[in-house]
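Beneath this line is the structure, given in structure tokens, with notes to follow.
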């Protein structure tokens, strides 16, 4: 089976018109709607006749929302106004029921970008978690592409399924309940993302699933994990390795009192990126310059130590005296 | 003309197979290729028979590159190795010839995300510049969507055209040479981005071009501009206003000497986001809470001043004495 | 009265042995002590016979603490251990009763450094607030120097007095209840710090109080205030103007799970620094290069506008045609 | 010898009037002066009759500078103006001739603060390097205190001596040429700072030199070193351990175009702080909560593994079946 076959096989049968239909002027049953209340709370609802949204500002009847103009204002039973807006992908992610830590928008956006995702790509993710990043990945590769997402915990896997269904993105995702110890079922995928505790254990599987030159990314909370992953990656098969971190600073949007928010998320995770290579490529030649310099210095040190040991042994046996050895910088 | 019409009109006639063809195992003429040399320089080239790439490591003949396996290694005339990789969208942006400041990947990725772009979206941009962000926008909305990009400087407009052609994204972009003083030619677009010196002058045009609830974004270098834009936005027509800034911290990818790079880009621009509303909506009700609090405080102050003036005038005419007025916090 | 006189006048009569006595091996009555409980709470207490510290871990009797070795362990009535440590200046600041926002250690440390404070300096501060920065300033200039601190709110002024007394630093501070509208009572001081809402109103007073070349610093929460202050400072009398901001990132101190804290203080204030000059110095010549470039560009623009207006008037009266004017970059 | 003796012994014989004399109105021979030229270059010079400063703006004769008013303006032979200012401690540090990396002001200021230094403290530093931090430490503890600074490289040691002499701070510093493998010659010091490659090798020496409860600080460039140091510190003798990092963001001081500088120093070093304890204190009880939680989790894991092994062995010998074991979170 050649790669072209694999690729064509996986095209979902979702008509692109379903994915991105021309937005009508008014809402219709089945539409996902963001209600932005006048106290700035955000509710994502799927419009269904005879349903209602109960919140602290009263009740909003779906029937009153259906047919409302996009961008229009509706009233709750208690007289509170809310805007009717198309939810953004951020709203969708925030709307998901959470069993686990949700990805941050800044990281989701950058991962999509650095994994080079676009409509039509095939991408693997492990683990699924609540489906937050899955949502962003599906958004990026739909309608022709597909996300394959692995999750070992059955409950979490089911939560993610419900979540993705609730935001209409399930058609673009294949959720797999199972671990990745034995590898991935897909081959020749464009990109692969690992959000697991010990990603370095699965690097062979990663390279088997990715097409040659495919995009790898990982998210890791601690520097120790980053070091461990780098150590295993540079043993072979990965080039263009990068470690990056994004900080988002939000400002109070007040024109005459502009200033940053008091607090911020200082750490969500370290992002590790690389491209997967065939095993016969000597990937060490493309490692970062600092890495190569450090490796050279370690080697010089080792050689000097060996030479010193040899000389010491030599002298111990009555051998000659030597001039001092040069020290590495 | 209803919005559905506008939308269907703009679907480009590019077959999606052209946009995202199943990657063959080996390169072919016309392919865009990233050559990653063994001193870690990056060259993006479009493979053409009988062409050559000259660089400081010798000459790479396109004919030797055509038919090379993706992820494989090729040699220059001087014996230097280079990897043959699919260029990422970052590589494409970095490859553009620059007449102006190029967008940073972190900002491009986040703008795409916050403007909610996906395959099929229609988005306006002004100005085009060298086409860096245009590249990222086209990448996000292709193949069914379209980017409309305005640029006043003829030379820059032409540079962007050549740049977008060189990275195969021109089919998804409509480049317009002209200013936006008179407004935009498009209507009902999903998102609109302004990278101009005085974006506040064009807010009426922005709202005319965006569909109701559409996504607005701006990039501004100074805090004074942010204040000015916020001031104009809150006079009407925009809700869900946010000001954000992204900082990217890169690390040396050396496992046993992990540490941040010595320097970083500390500032690329402030990002302003909002959603466009119909003019009849009283958008002030959905402004940030800090904004509303500050407005209330200013109003109380003004009322107290007015009352104090009234009392002073009263007393000057022999009127009664008053108890002290409460002061706003 | 010459400056030397002013200076010698203000030397406090505190013997330096009181300020920095050789620490004995064990605590004594009157000592300030930090109790670090085994659930990592921090209590600063002044040891006094027959006093007790009540906390959620039981009661610590001062009599049991008096005579304890520095760095030793004491037990509460409920059997909880606590370490007996000398409090750091940070502990002292955190210990103060707060009526207002307390200075952050990172900012306090940097302000002391940038205002060039050392033992013997005389420094003015307005307003006092709870006395947090006052504590850091007194720490830096004691025992020979002195802090003059102004506060308009009587209650806050009294709170600060109690606070400074409780941390044994009152001998080095002169607390003044009053506003600074009419200027400062001191002359020839080495440094002056303003933490007030509208510092630009007091710049003449600042220059009168500072010795020539003295160090000025301000702390401002919003960018609008920074712009306003800069505008007034560059009208004369200040050089070496800088705007800076410090971000502190704390890490979880776990050796095998090292990572940044989840959240951080993203904004405490913008710091503005400058040196005060005599009025006859043309300080504009020492402004930042960006400032000078921008000023030059504005002037060119104004000249072109004036010339265009002149020509237009000329032509309206039947005058000659002109070639186009050059535009500033 | 008791600690009081040690302390009094080390009081330098420098009269405090030499350290902080009342600044006269005009400069005098021997004064350190900052010349701030009108192209914003900074020169620190010690005024000496008949000396000259040659720079790209011409020659400034010391004789013309001597007697100039502080804050006044002088002219070079080419007619360029320069301001005559008292140099700040930052100016002094920047003025030092550099054989090694110089400390950053933000880090120097914060180290002084976190090590609780003030006039009269005794502090040890290793290594000296060019004397940048030594300058800041001497500034903080003068005139009654003293800095003891160790450096192994003779050339660097001599450079530091010349540097400290050139900025008039040598009277407060004892520079020691030698390594710290055998420990420090001082006892009962208030604070101790290590800027060496492998600080964890010297922790016993650190605790011997510091008084009980004394302040320890270290500066480390890599996360691996931080992990290693933390690992050794928590084996005993240190509490109140913290890892922090400071980022300084500078802004262009232009009132109507306020914005951050384009680039910044993204990393100068990780700062590690702790307080030294007597060996009989069980310091693990005062470690960070995250540390204690992680340790507990590891122990539970180990116990479960041991129990599982025991059960497996039991079953292998025909033993009974067990219910599943609880897993740690």
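We just call them A, B, C and D in the order they show up, numbering each chain from 1.
Note that in this section a contact is a pair of C-beta atoms (placed from the backbone, for glycine too) under 8 Å apart; a residue touches a chain by one contact, two chains touch by 3 or more.
Computed from a predicted model, the values in this text were never measured in an experiment.
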| item | value |
| --- | --- |
| Labels of chains that are neighbours to chain A and to chain D | B, C |
| Selected interface, B-C versus A-B, where C-beta contact pairs are more numerous | A-B |
| Chain copies touching (chain B, chain D) - same or different residues, decided at half shared | same |
| Whole-Å gap between the CA centroids of chain B and chain D | 42 |
| Distance between the centres, which are taken as Cα means, of chain B and chain A, whole angstrom | 21 |
| Centre-of-Cα separation between chain C and chain B, whole angstrom | 39 |
| Touching two or more other chains - residue numbers and ranges from chain A | 223-224, 226-227, 249-250, 256-258 |
| In the complex, chain B residues that touch chain A | 2-4, 7-8, 16, 19-20, 22-25, 36, 38, 40, 69-73, 81, 83-86, 88-90, 105-106, 108-110, 112-114, 116, 118-121, 136, 139-140, 142-145, 211-213, 215, 223, 226-228, 230-231, 234, 239-258, 270, 272, 275-278, 281, 285-291, 294 |
| Chain B contact footprint on chain D (complex, rising order) | 221-224, 249-250, 256-267 |
| Parts of chain C lying in touch with chain B, wherever the complex brings them together | 223-224, 226-227 |
